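Shown next, in structure tokens, is the structure this report addresses.
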Amino acid sequence: MDLSYFFELFLGGMTRGSIYALIALGYTMVYGIIKLINFAHGEIYMIGAFTALIISSVLGFTGMNSILILVISGVLAIFFSAAYGATMEKIAYKPLRQAPRLSALISAIGMSMFLQNYVLLAQTPDFLPFPALIPDFKFLKPIEKILSSTQLVILVTTAVVMILLTILIKFTRTGKAMRATSQDAKMAQLLGININRVITITFIIGSATAAIGGVLISSHTGQLNYYIGFIAGIKAFVAAVLGGIGSIPGAVLGSFVLGWTESFGTGYVSSDYEDVFAFIFLLIILIFRPSGILGRSQNDKV
Amino acid sequence: MSNLMKYFSLKEIKKSLVMTLWFMILTFPIMVIKVNTIENTVIWRWGYLAVIAVGSFILSTLWRYMMERKSLQAGNESKISLQQKLRELGEKNPRLKRGALAAVIVLVVAYPFATSMYQTGIMTTALMYVVLGLGLNIVVGLGGLLHLGYAAFYAVGAYTYALLHVHFGIGFWVSLPIGAGLATILGILIAIPVLRLRGDYLAIVTLGFGEIVRIILENWNDFSFGPSGIANIPRPTLFGIHFKLQQASVFIYFIMVALVVFTIFIVRRLENSRMGRAWIAMREDEIASQSMGINITKTKVMTFAIGAFWAGMIGVVFAAKTTFINPASFTLWESVIILCIVVIGGMGSIFGVVVGAGILILLPEYLRAFSQYRMLLFGAILVLMMVFRPGGIVTNVRKVYRIDKDKTGEAE
Amino acid sequence: MKKAIIIALVLVLSVFVITGCAKKNAGPIKIGVAGPQSGDLASYGIPTAKAAQIVVDEVNAAGGVLGRQIELVVEDDVCKPEVATNTASKLVGEGVVGVIGHICSGATKAAMGTYNESKIPAISPSATNPALTQSGDYPNFFRTIASDDAQARTEVDFVLDTLGLTKIAVLHDKGDYGKGLAEFAKSFLEADSRAEVVLFEGITPGAVDYSAVINKIKSSGAQAVIFGGYHPEASKIVGQMKKRKMDVVFVSDDGVKDDTFIKVAGEYAEGVYASGPKDTAANPLAKKYEKAHQDKFGEDPGPFYQNAVAATLAMINAIKVAGSTDYDAVTNALRTSLVDTPLGKIKFDDRGDAIGVGFAMYQVQNGVYVELK
Amino acid sequence: MAPILETKNLTMDFGGLRAVDNINFQVNEGEIVALIGPNGAGKTTFFNCITGVYKPTGGDIYIAPEGEKTERINGLKPNVVTEKGLARTFQNIRLFQNMTVLENVMIGRHCRLSAGLLGAIFRTKATVAEEKKVVDDSYEILEEIGLTDYANEFAKNLPYGAQRRLEIARAMATDPFLLLLDEPAAGMNPQETKELDEMILHIRKNNKISILLIEHDMSLVMSVSEKIFVVDYGKLIAEGTPDEIKKNPEVIKAYLGDETDA
């Protein structure tokens, strides 16, 4: 066994995992509150990335400092993604609260197609290079072969976002309202919680984390097009389910486990079947823990 | 119509203006600024802002009007479904029913002769999706199991025929039952490990299963010829007669008509049988149905298997129709489109699936005039359809049993 | 009841038989253009439609061919085989005498059967799958681009002979094009005693990160990577390899020999090798049609534009030489009559490949692809 | 009289929580037995153990239908338990909402029928006859319960009281020797409760079914049951005739005391 090879795969899996995690967090939050597989979540991530690309290239012409560009375009990406998320909820999901769950799923699929083609038509179907907004850190020079500064930023951001979300949900009023809504929306409403507001806030937060993901991941891969949200969304969904959908630490853990599965599967077997490993692993986990690694078992009350 | 006037009141106009402003902000970066980081150019398209402004003003007003209409309608529950109306009409006038039936038959038979080969091809595709929709309807609509990997069974059918032809020279008619049978077996195999999973967990695992099948077909060259696919698959023959292109397309059309009739016949019989009732009971309440003596394991495996059967069968037809298959035809989107047919049409309803397939398959074809806006409109239509008619176009009606009063009287 | 149906049927049928009788007229000669016009691959199909339009406008302005005007019928196949069969039957129904297209190999294979039975020749500017010409199943198929195996041969020869590298990793994107090419490269390498294939793997397009594959390349000790696929994946892989300071030569294909690759990969693109059609920039016809595109559409032409111009010119020339739109005469003319195109003077061999259309190796030097002589 | 249902030291743990604690319990043939206790005492869990929804963690459950051997049914699947002749209703109504009333009852007959896939497709003689019989039988049950007017309505459109009765009709359709009713009177008005009272007695008389019920409505419990078991915190604290239970100080303390508070 070559230990350094193992270690490199481990780190690579971790990078992948943290990328998935940034998207999976939003997925899992929305699911936790309204039990909807938000198929269009990946598109929000894509729109965040696109907004950052647009803003940063406009600012690029002004010759602004690159850190400032990163901050401004990041903030605007978060703002616009959140706005898209909230608007999408109002249009495509809110009228369907009482409808069969499959209807909401189809509405989400429709939204996903709409947003993809909206960006395709308004911008371009081609891949565009995404500027390297994150500078190379000097202190990473000795280990740059193993860990790039973008990777480090992604890892740190994932950790910070997860901690902030956990604090938000555990300790704030809004968080309590969210938990109450996810447990029993009807009851929460009776207790005077404005569940419409809670759901909107959830979408805003979920979309904001997706936007952060969009900006960071695009700087990591250096390119984007209108379609990047689809695969990333599916993977994040798998990660969220793996960890136990609805659970925030679960989403992060699930993402890392998925990242490692893919990384080790590729490294020790073959990348031909990368996704197959991921899905088979998911299946095995679900057979033994039908609610995911950290998911609460949802026994029906009889 | 009179309450439409109120949307011209100051208050409503103000609401629309707020929405307009919101959408102008929302769409600003993506609509107005077009960047090209390859050429390093930025184009400002202020004109689009005006389009967005006018468009969202009108749409926002229209939206609120429609929403209000919808909530008004929600009040009166006694909405009779289209299917029920038709059925009642048919019962009242048996002659009308027979006449309509005859007209439909004439239309169906005459269609390929009246139109071009292209139109026949499109209609054949639509008919294929009718059967696929009916098959998935058993799993999703009747069994209540959210299945996102249905295209895998479709692929099994297509590859069965293609590979049987390549290796053994076996023809269409022999492959048809084999393809359906293999898909059924695969349906059973996938059902067993996922028995314990519910709802969305089932959805993601079936999605994964569909992807696994596709990836295997892509990677395992020795078996499936990989991504370059299998070409020159023969079209169906009739008693050894090979048809010319035009005739063959008409022939496949009639094969599909026959298969649609066959499917509707079987599915109708199943849905009102002991087994069909068990499927619906499982959909309605798994625990209660188990407590009423239904073997959930067996029922679930059955829905998966029978659902897969149709996909396998149509897969064989698909291979024969396109004469070329590769794994790219069996992606997740394929499964999603079939699911959309079931849900848009109206879950659990045969008539609904027929309508859904018609809309979803023919609409994009006729939306071709809008070429690049096609998928955009398609997405928007899916959302609007669900928002304004979440139960699908056709709401399902259960069989009405007539009881022979005298008989039960005797039994007492 | 039954009787009524039968009578109705007979009536309906007879009406169709009467009206359906062939109506032949001496209107314009119709030529079909098939390829993706919408969806994510539209950027590969639209340039072909534009090329055909430019050539046809020019011919029509000069009085057409055989005294008749040419009319283009553009149809969308979204690059999907199942759609392509419908597209093909639509074109057949329109009465086209020849087709420029299709663009993607899979869609082409699905459509060719329909054209073959209807005796219509098709010239593709971009379908590179070797089986299209080598299997003998598509006698009516021609193309103005060289096939994948020729390209793989060029790449392998370059790596072994010119660069003198022997330990080679072959990667592909699991797609029709990329995997086919990679498999040819692998088999050529294995047939050569000098070379050793240390890794053969497919990567997943659209994946967010390729570090695991890159680690694998690193530990395999490969001196060169031959990649079959398109530029988005190539730029991700090259970028991540360079970031890790890996000193491995990257050789790729026509899907990467695209200026977009250089723009997307930026500094990391420097030194990358790619095979591509021989440089035609010096060809006067290529210059002429490039300018025509600029004049008409105000932008640079897209991928396969010159190949499509060549295909259209060849088709029209064949009709002219044949003196009719008869299938046998036209295909014979395609095989025998030399035509001047942006790709040089070409005609087609018995299998349908254009003679004289081949590949050259390019390298990114100072941000542009430079042909290596 | 031999017990047709008997539990010996039945125990059910959820993690650290013991919901059912060593309960010994019998129902004799033809009896109407009530199981009472404060909310959360473990009554429904006890039901779920017997009917196979939960697998008990300790003890045994035996059934001995008339003329058959005693059989241990621990951990059998709910549908198998139902086949063996125990049928239940649910505290929170679990009807098949989008099926008609008649179909709901027909589902109850499911385990007594045999038509399979081929039978359904080819409409064999046996299947047609069976289908006809199941419709007739189900209709008969609806008549007995008084729901014939609603036969072709969706279950979800029924008034509340009728939904409760439909649950009982559906359970009866499985042809049980013992009917387990989980709070059948919950949410009913006194008039409806009184009708329920008569119905329960009628069912026993007419169909020779024994009945075990969980109930909060004391008037119903006292008037229909012959034997009452009282549980509190998962433990059996008393058993006896209604009169005995009324006088039992333990029960008054644990249960009736609670009631008067509320």
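In this document, chain identifiers A, B, C and D correspond to the written order of the chains, with residue numbering beginning at 1 in each.
What we mean here is this: contacts are C-beta pairs under 8 Å (C-beta built on N, C-alpha and C of every residue); 3 or more make two chains touch, one makes a residue touch a chain.
No experiment lies behind these values; they were computed from the predicted model shown.
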Q: Determine which of the two chain pairs, B-D or A-B, is joined by the larger number of C-beta pairs in contact.
A: A-B
Q: Compare the CA centroid of subunit B with every other chain's and tell me the farthest one.
A: D
Q. Which one chain sits nearest the middle, judging by mean Cα positions?
A. B
Q) Rounded to the nearest whole Å, what is the centre-to-centre distance of subunit B and subunit D, using the mean of the C-alpha atoms as each centre? A) 41
Q.
Please tell me the distance, in whole Å, between the geometric centres of subunit A and subunit B computed from their C-alpha atoms.
A. 29
(Q) How many angstrom lie between the centres of subunit B and subunit C, each centre taken as the mean Cα position? (A) 33
Q: Please work out the Cα centroid separation of subunit A and subunit D, and write it as a whole number of Å.
A: 48
(Q) Please output the residue numbers of subunit C that touch at least 2 other chains, ranges allowed. (A) 42, 174, 202, 260, 263-264
Q.
Multi-chain contacts only, two chains or more: what residues does subunit A have there?
A. 126, 128-129, 272, 275, 302
(Q) Residues touching two or more other chains, restricted to subunit B: which are they? (A) 37-38, 215, 219, 287, 372, 375
Q) Mind pulling up the subunit A residues that touch subunit B in the complex? A) 31, 35, 37, 47, 50-51, 53-55, 57-58, 61, 76, 80, 83-84, 87, 91-92, 95-96, 99-107, 109-119, 121-124, 126, 128-131, 234, 237-238, 241, 245, 272-273, 275-276, 278-280, 282-283, 286-287, 290-292, 298, 300, 302
Q | Touching residues (chain side subunit D, partner subunit B) in the complex | A | 51, 53, 77-79, 82-83, 87-88, 90, 94-100, 102-103, 106-108, 110-113, 115-117, 119-121, 123, 127, 130-131, 134-136, 139-140, 143, 151-152, 154, 170-171, 174
Q. Touching subunit D in the complex: which residues of subunit B?
A. 266, 269-270, 273-278, 280-281, 284-285, 287-296, 302, 306, 396, 398, 400-401, 403-404, 407-408, 411-412
(Q) Could you list, by residue number, the parts of subunit C that touch subunit B in their complex? (A) 1, 4-5, 8-9, 12-13, 16, 20, 37-39, 42, 76, 80-82, 84-86, 89-90, 92-93, 105-106, 109-110, 113-114, 117-118, 129, 131, 135, 137, 174-176, 179-180, 183, 202, 259-260, 263-264
**Q.** Complex contact set, residues of subunit A against subunit C
**A.** 2, 5, 8-9, 11-13, 15-16, 19-20, 120, 125-129, 144-145, 148, 217, 220-223, 225-228, 230-232, 235, 262-264, 266-267, 270-272, 274-275
